[in-house]
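Each of the two complexes below includes chain A, the first together with chain B, the second together with chain C.
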Partner chain A sequence: MASIPPTAARKKIKRSVSSPADVLRLVGQFFEAVYQVFVNIIDFLMHPLQNRLGVRGMAYVFVLPNLLIFGVFILLPMLLNFYYAFTGSTNLYPADRPFVGLENLSRLFSCGNFLDPNTCEVDVFWRAVSNTGGYVIFQVTTMILMSLISALALNRKLAGQGFFRSVFFYPVLLSPVVVALIWKWILQQDGLLNALVVSLGQERVGFLLSPQWAQFWVVVISVWAQMGFYTLILLAGLQAIPSELYEAASIDGASQTQSFWRITLPLLMPTMFVVIVLSLIRAVQVFDQVFALTGGGPGTATTYMVQYIYDVGLASQTNQYGIASAASLVMAFFLLLLTAVQLRLGRNSEIT
Partner chain B sequence: MRTVLNYLTNTRGRKRLHFTDWLTYLYLLMGTAMMFGPVIWLVMSSFKPQSEILRFPPRFLPYRQETVIVEGYDTPLQLFDVVLEDGTTRRLAQVRRVGIEAQLIDPANPEEIFRVNIADRTPVESVYFGLENYQEGVESFNFWTYLRNSVVVTIAATVVTLLVNSMAAFALSKYQFRGRDTILFVTIATLMVPLSVILVPVFLVISEVGWTNNLLGVIIPGAATPTGVFLLRQYMLTIPDELLDSARIDGASEWRIYLQIILPLARPALAVLTIFSVMWRWNDFLWPLVVLSRSELFTLQVGLNSFQGELNIQWNYILAMTVLTLLPITVVFAFLQRYITTGIATTGMK
Partner chain C sequence: MKRLVTLVVLALLVMGTMSVYGQDAVELRFAWYSDGNEGEVVRDLLDRFEADNPDITVILDEQPYTYILEQLPLQVEAGEAPDMARITAGERYRGFYLDLRPYLADPAYWEASFPAAVLEWLRPVGEESDAIHGFPNQFTVTGPYINRTLFEQAGVEVPSDSSDAVSWAEWTEAATAVAEALGEGTFAVAIDRSGHRFAGPAFSSGAVYFDDEGSVTIDTPGFRSFAQTLVDWHANGLTPLDVWLGSGGTYAAAAPYFINGQLALYMSGSWQISNFATNIGDAFDWEAVPNPTGEGGSTGMPGGTAVVAFAQTEHPAEVARVMDYLASVDVYREFAERTLFIPGHQGLGELNYQTELPAAKQALGMFAAEALHISDQAYMLQFGPSGFAINNPVRDRLTQVITGELTLDDAITRIQEDIDTALATAASS
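Up next is the complex of A and B:
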């Protein structure tokens, strides 16, 4: 700065006010100055603390707010959940709840035949479990397949790649309620899809009124809303495969199909496993989209485990907190299992 | 056209488009239609008047029947093309309809009344993007209240998240202290434990703290995101320790190091977390649903859901409100899509 002659400097200052970019720079400088003042105030206030605790001790200060929120709103509820599962009555306040041991769990598990929910004492829970099982199987397989095809298509070196990638990702950003409403509008009695059905000479279908159709559409819609996310991860996995391998393979006379089965797929496997486990964990927790779309109906056709917990524990007036928490435990067990698998895979393949 | 074709058939490295490339294009274009189609259908429908909303089969573009103001009549009259008995077609305005008979007049000559069968007239329509659904919907839906709540929650929660997560990440990446590994392990282990598993006790804790029906109950609990801590920590590990040490030698306190060295250097990671936090909070549904029961505190998502649950669905308003709810996210995405997609591809989180 010192080397600039005074006249040039003055010219610069004159110009700086006229162009919008320089106005922005001035605003930036202003905020930087404000930030400096802020830093100095914090520094001044925190100095005595550091003098007392030492440099090491400050680490606890930094980690404290996060730990506090985390402990109170995540860790504590996790522990409380056990307490609720093993105590009875309809009181929410922990001290008012008598210990009942395994009663909640055994009620949940008292079934004549686990494959037939009607023989169970808490039949809705087992219907929710079997609904969730069906959903998980169909949703995850369809979604992984679609994501893989899309990722392979997006990985080809074609023009407009960035655009298509964004397009496939866009629905991921929509909220569950918005997704549900978009599709409810299409699937309703007088909706777009029924117009298509009628134009093909068929009778109108109550897509959200028949149990099978509702279950089908719940899967389709969640694939629509989520596949972009997994497509991106798989795409990143595909792009990490070194292109030299393909070149070497083509020199050796391998066809495209051969290099897909022998190179692409095996090298994509670690990413694939991560994607499968992530999507499984998410599928087990299916709730909000479906809740906004069908409310769990018709009947209990689309009532899944989380909705069961929500209905029994919070939404209904029966206040069966014990049963809801016991159901939570069952679900947490499944999720923990999946997480353990994922952490293990992550350690083995060093991909997380 | 030529240049567009050249651009599309331009391959990187290969000589010319293989038939599999055309198949890929076909797939991608079909995918585009599938992904955007439902949203475009929603947007188009949101401009339709009530009569069009109920029409079956529906039409793609929003139409409105043309009207004309005729002296002597208080309300605008609907225009029809009418086939008269002598076989000629005239454009007439309908005065009233009795059963299957319609009474129409010529706007230019309002004295004479034509009586025709309703089957002999077709409405005169034009494409019209009406904003009535938006204007009336905003009022009956309490839109501004919900919007304010959503904005407050999103901004406040993002600021708190960035602050507490970056502080924790700083401590976990740059200090050796007792309990560090335990904290790290618990953080990673709970990465996968979702709120949905602990609904009942979370509700208890929030009501004990006194935050039911308080926006704080939505903002604070989700702020200590394990994902955010993890993401920021991984990034901060790449900042060399020598920078911190030399700052300490120069007499900087730990807070000054955090505010003046770590935060500016971690800007890219903070930007990614900001985008994610905004998306999470704007779209969040389950947590506000559990915490809030008074409708004046609802966020847009909860409000929208309760609006559609009312007895008779008023689709014209719901569609308009849905468009308004997805608009901010769509605009953000349009501008930041490259950062969002690469951010997700590299961190693998949502």
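Up next is the complex of A and C:
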């Protein structure tokens, strides 16, 4: 290798350092050095551990940080919830709470007729259960239907397709409280909608003050706010259906309706079940948006299970943590059951 | 020489550090809520305190009233209490208060200045205690206000102008005549969504919540009578529905309707005077009228706020200095005069309220007079050991009657059950 004269080498170095590529190279070398130091430290710490635990055992070490966070913030509160459900009094600290066995659950289930909350000892809980049932049925059905229609429309070659997809998705980006406040301004007694009603010469309508109207608007608003998300999932499902199937059906003389029922819907079913499970779980957990919109009223017309738990446990003059925890156990059991049934049905309907 | 310079530099550094630490003030957190200008006034007073006491900084956490009702109790129970707070439900935090007595400059001054019943209200039930946990910084009485301008515009005589004992039925009739004469947008009557606000008219109508042993019974003809009146106001469109139906399960005031000049008669209380003086001023003629009279006489509900200290504080001596300052005669007097509050201090003498507004002066005089004939039932509800369990079930169950979810009979049964359960649960604690 020919040696470079010292002066030429200096010139070369001077030239190379001043060029942007060489600056980048130097920066790269610096970060590589830092990375090496970091990796060496990790190796220094982990190597003895791996020697002791073996390669398989190391998996637990990597899972540990996440498991700790999950344990502290999810698992521990769940266990505490169990404990609170079987204890009484208004004391917050577990050690100060006397054990009452099944008393809280037995109070919740003490009912003459489960379909008539007035016959139940804890009537507001059963009102909340009944309200949640009605909300789930109407909200999920409407949501699935609207999402499907929107997805089908957005799947066609439309002018401004990207714009329309964004428009449908936009409400999903809003905070539930913001959604509730915007709609409150529209629906309240002196709101925009009543201004329109009055300008048409009609009497003001208590959109949030009549139980039936409030229940109706709660469903409408939640569908408006959430359907973009489910539309997007269904749209992805629709786009995964091979176009050859439609071409073949068309050659065989199938109408669009027949194609929908025989090709689109069956092939969309796995995606549809994901959407149904997700929207059902979310519907049962309804709280924040409705709480900000109606506060659970008028009366208890829009009090759902989560709000009942919040009210009894945290927002009442005498905090009844035991009853609230028992109610959340009932709700958790119900959600578990629902998910299991849905997954079972989903598995059966999958096309293999 | 070099060593000497090093030593001097080190000494300067140490002195600098010490002086920085020396200047660090103790930081106290004070949870506060406001109906009117009291947050502004107390901040001003605390600024003066801080100027004279540079070793203490008081952070005033101004919160909505619902925070005081719903969040503060959990915070206190969870061990995250502020050092001090302005509260309304004194009984709620029994056992969590700081005993200020060892730290106060003159505990005897506190005992002489503040009503014994209020100091007792904060102490644990059933225990002999001379502890001092805080002081009442405002005394309140519930009672109605009228918009005289609306009565005049409608050509309806104000019933209390010609009679000292006007019933709720007579007020409702007169106020309805005002609303009908002035048409859309004017409401006859409204009452805050609160069991406490409901109680005064219920007692005046003949309700008796407590027997001689202190046991609670809700189902009395007086209770039914005013409950039915409340339901009828809603059914007949005499009251803005938003107040009782549009606020979910929480407290709601009808003050905005009164301030906007849309309400002929408003059942609220003395704490609204500053709010009305600021937000209505002399835009229309408003005034306080005596509590209506019925089978049970004429009574408002007592109430008020207390400034309390919590035992979880790490700086009890500094907390006591702030409390001593706020409870001192001059500071308390200035607070009451500037906020237009009825004081809970017995030694202030004549107050020179800082308002030139005749309506505010009239209302202050009216509520001071109303405070003299508050019934024993009303005092028991506010300061007795069972009072905490009553107001919210009354408010929530009557709302269910208004929406048609329950009949009045069912609601009364449910209120009684809710109260019994709450008392039993609290007793097991």
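Keep in mind that, in the parts below, the second predicted complex is superposed on the first by the 276 of 352 C-alpha atoms of A that agree within 3 Å, B and C clash if a C-alpha of one lies under 4 Å from a C-alpha of the other, contacts with A are read in each partner's own complex, and residues count from 1 in each chain.
Basically, a residue touches a chain if its C-beta (ideal position, glycine included) is under 8 Å from a C-beta of that chain, and two chains touch if they have at least 3 such contacts.
Note that the structure is predicted; figures quoted are calculated from it, not measured.
Overlaying the two complexes via chain A leaves chain B and chain C side by side, clear of any clash.
Once the two complexes are laid over each other on the shared chain, residue contacts for A:Asp123 go to chain C alone; chain B is not touched. By the touch criterion stated above, A:Val55 is placed in contact with chain B alone, chain C being left untouched. Using the contact criterion defined above for the overlaid structures, shared-chain residue A:Met269 touches neither chain B nor chain C, since it reaches no partner. Once chain A of one complex is fitted onto chain A of the other, the partner contacts of A:Tyr84 are limited to chain B, with no touch recorded for chain C.
When the two structures are aligned on the shared chain, A:Gly299 is found in touch with chain C, with no touch to chain B. Contacts of A:Leu314 after superposition on the shared chain: both chain B and chain C are touched. Of the two partner chains, chain B is the only one that A:Gln285 touches; chain C does not reach it.
Annotation for chain A, partner touching more residues between chain B and chain C: B. In the superposed model, A:Ile182 makes contact with chain B only, not with chain C. Of the two partner chains placed by the overlay, neither chain B nor chain C lies in contact with A:Leu26.
Taken over all C-alpha pairs, chain B and chain C come no nearer than 5 Å in the superposed arrangement. 92-93, 188, 291, 295, 314 are the residues of chain A that lie in the contact sets of both chain B and chain C, per the superposition on chain A. Residues of chain C that touch chain A in their complex: 70, 73-74, 77-78, 89, 92, 240-242, 245-250, 388-389, 391-392, 399-400, 402-406, 410, 414, 417, 421-422, 425-426, 428-429.
Chain A meets chain C in the complex at residues 88-93, 96, 98, 118, 121, 123, 127, 188-189, 206, 208-209, 211, 291, 294-301, 303, 311, 314-320.
If you check the complex, the residues on chain A that touch chain B are 38-39, 42-43, 46-47, 50, 55-56, 58-60, 62-63, 65-67, 69-70, 72-78, 80-81, 83-84, 92-94, 149-150, 153-154, 156-160, 162, 164-178, 181-186, 188, 190-192, 194-195, 198-199, 224, 228-229, 232-233, 235-236, 256, 274, 278, 281, 285, 287-288, 291-292, 295, 306, 309-310, 313-314, 321, 324-325, 328, 331-332, 335-336, 338-339, 342-343, 352.
By the touch criterion stated above, chain B contacts chain A in their complex at residues 7-14, 20-21, 24-25, 27-28, 31-32, 34-36, 38-39, 41-42, 45, 54-58, 163-165, 167-168, 170-172, 175-177, 180, 183, 186-194, 196-207, 209, 220-224, 226, 229, 248, 253-256, 258-260, 279, 282-286, 290, 301, 304-305, 308-309, 315, 318-319, 322, 325-326, 329-330, 333, 337-338, 340-341, 344-346, 348, 350.
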